[in-house]
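After the structure tokens below, expect a handful of questions from me.
Every chain is named by a letter (A, B, C and D) in the order it is written, and numbering of its residues begins at 1.
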Amino acid sequence: MPVEAADTLESTRSRPGGTLYRGREGMWSWVLHRITGVAIFFFLLVHILDSVVLGISPQAYNAVIGTYKNPIMGLGETALVAAIAFHALNGIRIILIDFWSKGAKYQRIMFWIVIVVWVVLMLGFAPIHLMNVFSEGSAS
Amino acid sequence: MSEQIADGAVIDGVHYHQFDIVIVGAGGGGMRAAIEAGPHAKTAVISKLYPTRSHTGAAQGGMAAALSNVEEDNWEWHTYDTVKGGDYLVDQDAAEILAKEAIDAVIDLENMGLPFNRTPEGKIDQRRFGGHTRDHGKAAVRRACYAADRTGHMILQTLFQNCVKLGINFFNEFYVLDLLIGEVDGPDGTTQKRPSGVVAYELATGELHVFQSKAVIFATGGFGKIFKTTSNAHTLTGDGVGIIWRKRLPLEDMEFFQFHPTGLYGLGILLTEGARGEGAILRNASGERFMERYAPTIKDLAPRDIVARSMVQEVLEGRGAGPNKDYVYLDCTHLGAEVLETKLPDITEFARTYLGVDPVVEPVPVMPTAHYAMGGIPTTNNAEVLSDNTTIVPGLYAAGECACVSVHGSNRLGTNSLLDINVFGKRSGRNAVEYVKTAEFVPLPDNPAAGVRDMLEGLRTSTGTERIAAIRKELQEQMDRNAQVFRTDDTLAAVTETIHGLRERYRNVQVQDKGKRFNTDLLEAVELGFLLDLAEVVVFSARNRKESRGGHMRDDYPKRDDENYMKHTMAYLTGDPHSSNPADHIKLDWKPVVITRYQPMERKY
Amino acid sequence: MSTAVADAPAEGQASDAPEAIKSFVVTLIIRRFDPDVDTEPHWQDFDVEVYPTDRVLDALHKIKWDQDGSLTFRRSCAHGVCGSDAMRINGRNRLACKTLIKDLDVQKPIYVEAIKGLPLEKDLVVDMEPFFASYREVQPFLQANSTPPEGKERIQSVAERARFDDTTKCILCAACTSSCPVFWTDGQYFGPAAIVNAHRFIFDSRDDASQVRLDILNDKEGVWRCRTTFNCTDACPRGIQVTQAIAEVKQAIMRGHA
Amino acid sequence: MTTIEAPRSPARPPRSKGVNWEKWGWLYMRASGVLLVVLIFGHLIVNLVLGEGIKAVDFGFVAGKWADPFWRVWDGLMLWLALIHGGNGMRTIVNDYAHNRTINRTLKILILAAVVVLILLGTYTVTFFDPCPSGAPAHLLPDFCSTISK
């Protein structure tokens, strides 16, 4: 082929060291699983600590749990439930991959099922929860 | 003369190693030898590729052995087919060994773990292949043992696995560039040539290594890259054969190169003959099964030279398919998806990937592709390298495609090469072990790596302007045009001129990469040197053989001429290798063919 | 029929191809590294004229042969059977010789870089030794206690042979192992390729050392590190169901036998 | 990541004998995962979805629940399973990314400490929880306290 058709561009633009690996469903589900797992873990630490306050006194506990009722925390809680829901559903997917002989074959479909079920769950949960949080407080 | 240099020493930047046996090449031939040699002698395998990258892994169809697992067969029929397939230029004693030891060779591989396809009874399954017949040509026979269409892959993997098991010493991505030969006192006061080792270039570091050894086995594979359209890997540049040539040892039957009928059109990627073994059919543009006209009895399963020639004939006579009428079809559609997916999965995928053609529903465009070098380093039946028609070089062995035993004569039968590398690979290893039991190290010459260093430094620091790729491309295109399936004195003369010109240009070749580490540019320059040398020998030998036989088809001499040419060509490098006229530095001689049982007859299929 | 595709030229045919076939220019952006001069890899652009049916390997060859001879990569067979040229093309591990230009988005530049997780040696070449070291550790060779009848094969039924067929296809290209996020983290994980090659023998009815291999893989760096991310399966040029094979090995370890 | 990946350490450290934590850990993650799905979703539904959701949660609510040993066992199980599951998960992640030996060790000790402390505290709370602590304002307590205290 004609050599002149292809001359080298010497420009060395600044680019990241390496490209991001473009994995597919399997990889991204794992990334999400990991992130949600860590998030839940840290939340759990806090959550157990606040339950421990139950043993101290009702007033103290109510003060702590009261913060959960503030709208910002409400949003945070929605996110947390979203994380738990994804982690749980994808956890089931992982378990099926591990123990069901056809699991690996259907892992991609299962990922999308996880997403769909997750969306449905969240559509069911989020409005109820947010309504509760944002409605003018009846309880306490 | 330097005395023994300790193993592991580094002198002037050159690393020294000492082994009883050094095997050059880690394809099927080299590793089969290593398995024999490793447990009994201190052995090193030096390979320019990681062993599993060797081109044995590309072999598809099968490995012949008269196991009689599915129908009656015996090794004598196999011998006959091999002799007849090779157009009677086969050394029949060697063919007999090949066919007899085939059975053990296959069983050895199975015992080593090779996952052959199985019959319903659990035995090794066998399939039909071109030129393999029952009872001296009566009908096609199922003789090829196979593992889907990845037989070579399985052989290469199995051999490598067993080398791992045995803890063989591999020197991977070490490029052997020189064979060291010393003179020692022979038995009756004569002096004798014997190998003292090899010099290798380590690709990763750019450093040189001298391997001193008592025995050297060459198993460096073929040199299909002298052609453009080829089933061979980019790395099959004939370095081993080239080294032997430059050492002024002879090469045998270099004019015989096999063109495999079914290469993917335009690409040369192989579609195994096993496809036709399973029932696929060649058709021309009008859909005619043209092989019926050329080989009425076994049709599409005629030997490769005949099929390839018939295909080119069809195209030349205007019956080719496609816009340029320059290919024919391999029709597998009637085999059904099941057979294609289970028995021929890889080639089905090749057609889909590279041509976008699905063999399940449409025929695949194919044309002959340069495939296999029948010629090479002449050896005895014990794989010992010959320095003339009868004298061996003690301690020097060759096996596999680089060698010429000659079991393939002027045309190799399909499945006989995987067999060849196993049978003669094993023999080379065995014999080398026997040899080193009593042999002494031959002293290394002074400064053993100097020659290689000069060559490499010359190339690396050259201020030349000629592109490696341009020279190589020109060579390959002209070889395809003038020295392929059909040859005449005119075309051969033309390509002789071309090669001469290219050799001149090569002296002025440019290496752009000046670095030391992983300098593949330098490597390609060296490889090109070997390609040019070998192409010259091929063409020179071809011009000299004024007859048509097997893979060598002379349009100007279309008949086989047993009277004058029933003999092997032996080519010697003499005088100044750089002289312009090949006749000034190549001397041709003849070597008789060993005929035991089968007198030459006309070949009909 | 097939002609539309078949008449597109292949490697090297460009010069004498009829005008009808359209070539076009693509930009390859290659991550380069020369150990003799560079301390860090950097990206370099090359414009190459290609045909849609060209492979990425052809494009790399055109660069090496016509533009910059120092571009370094491994290749041999050029049709996906030798395993030399695994590299990261547009962010995914593939064989350069099995990736056709037309299957990539040619409107955008094509990013090519070395596989990840193995020590970079030069341009697209990595040190394969750690990869083969893991391979060797799983004892990838037949260990049979029984001796077959002299001069005969071992009997194996068609079904037994089929049991491990998938994993016999491995060409040790390392596309899988170097796409595995767990392997990237510290390179200590055995990696999918080693497990695939263990699987090949664990489920071979002729082999008697399955237990040994299961023990080896029942290790801190063994199968349990696999997080089923499926990058390996997606990357394997031989279409091996790698994650499935790993799952089968895990099951075998739990069961206590193959 | 611009640096060149470091070579793999040449020799694998000898395999430790004894209990295979990786295998049992792996199995535990799955077994606990299945149970946690039930426990956590049950927990979430009761606490956040039914009735007035989070707004209803207060001392009285929890105390009311824990009056029934069923919910004590439920929450106790959840506590153990989730903490060990999460702790083991975190350990895996630390092993993946913390290559420095001391950092790796430290982080794992921190995780272990957190898990152990919380399990102890949490277990103590569910087990010895007194729904009707004396001296607390009655309106904060569940209704049944009034019946008991009389």
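The definition used in the following text is that contacts are C-beta pairs under 8 Å (C-beta built on N, C-alpha and C of every residue); 3 or more make two chains touch, one makes a residue touch a chain.
Because the structure is a prediction, the values reported are computed rather than measured.
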Chain grouping by contact, computed as though subunit C were missing: A, D | B
{"item": "Centrality ranking, top chain (CA atoms only)", "value": "C"}
{"item": "Taking each chain's C-alpha mean as its centre, the one farthest from subunit A", "value": "B"}
{"item": "Euclidean distance of C-alpha centroids - subunit B vs subunit D, Å", "value": "66"}
{"item": "Gap in Å, rounded to a whole number, between the CA centres of subunit D and subunit C", "value": "41"}
{"item": "Length of the line joining the C-alpha centres of subunit A and subunit B, rounded to whole Å", "value": "58"}
{"item": "Subunit A-subunit C separation of Cα centroids, rounded to whole Å", "value": "32"}
{"item": "Contacts with two or more other chains, residues of subunit A listed in rising order", "value": "17-18, 94, 98-99"}
{"item": "Multi-chain contact residues (two or more partners), subunit D", "value": "2-3"}
{"item": "Subunit B residues counted as touching two or more neighbouring chains", "value": "none"}
{"item": "Touching pairs among all chains present in the structure", "value": "A-C, A-D, B-C, C-D"}
{"item": "In the complex, subunit D residues that touch subunit C", "value": "2-10, 12, 15-16, 20, 22-23, 25-27, 96-97, 99"}
{"item": "Subunit C to subunit A touching residues, read off their complex", "value": "14-15, 25, 27, 29, 31, 40-49, 62-63, 66-68, 88, 90-92, 111, 113, 116, 179, 181, 227-231, 233-234, 241, 243-244, 247, 250-251"}
{"item": "For the subunit D and subunit A complex, residues of the former touching the latter", "value": "1-3, 30, 33-34, 36-37, 40-41, 44, 48-49, 52-60, 62-63, 79, 82-83, 86-87, 89-90, 93, 114, 118, 121-122, 124-125, 128-130, 133, 136-137, 140-141"}
{"item": "Subunit C residues within the subunit B interface of the complex", "value": "1-3, 5-7, 9-13, 18, 34-36, 53, 61, 64-66, 68-70, 72-84, 98, 100, 121-123, 125, 128, 132, 135-136, 139-142, 144, 148, 151-158, 160-161, 164-165, 168-172, 201, 204, 206-207"}
{"item": "List of subunit C residues in touch with subunit D within their complex", "value": "33, 40-41, 116-120, 127, 130, 133, 137, 182, 184-188, 218-222, 224-225, 250, 253-254"}
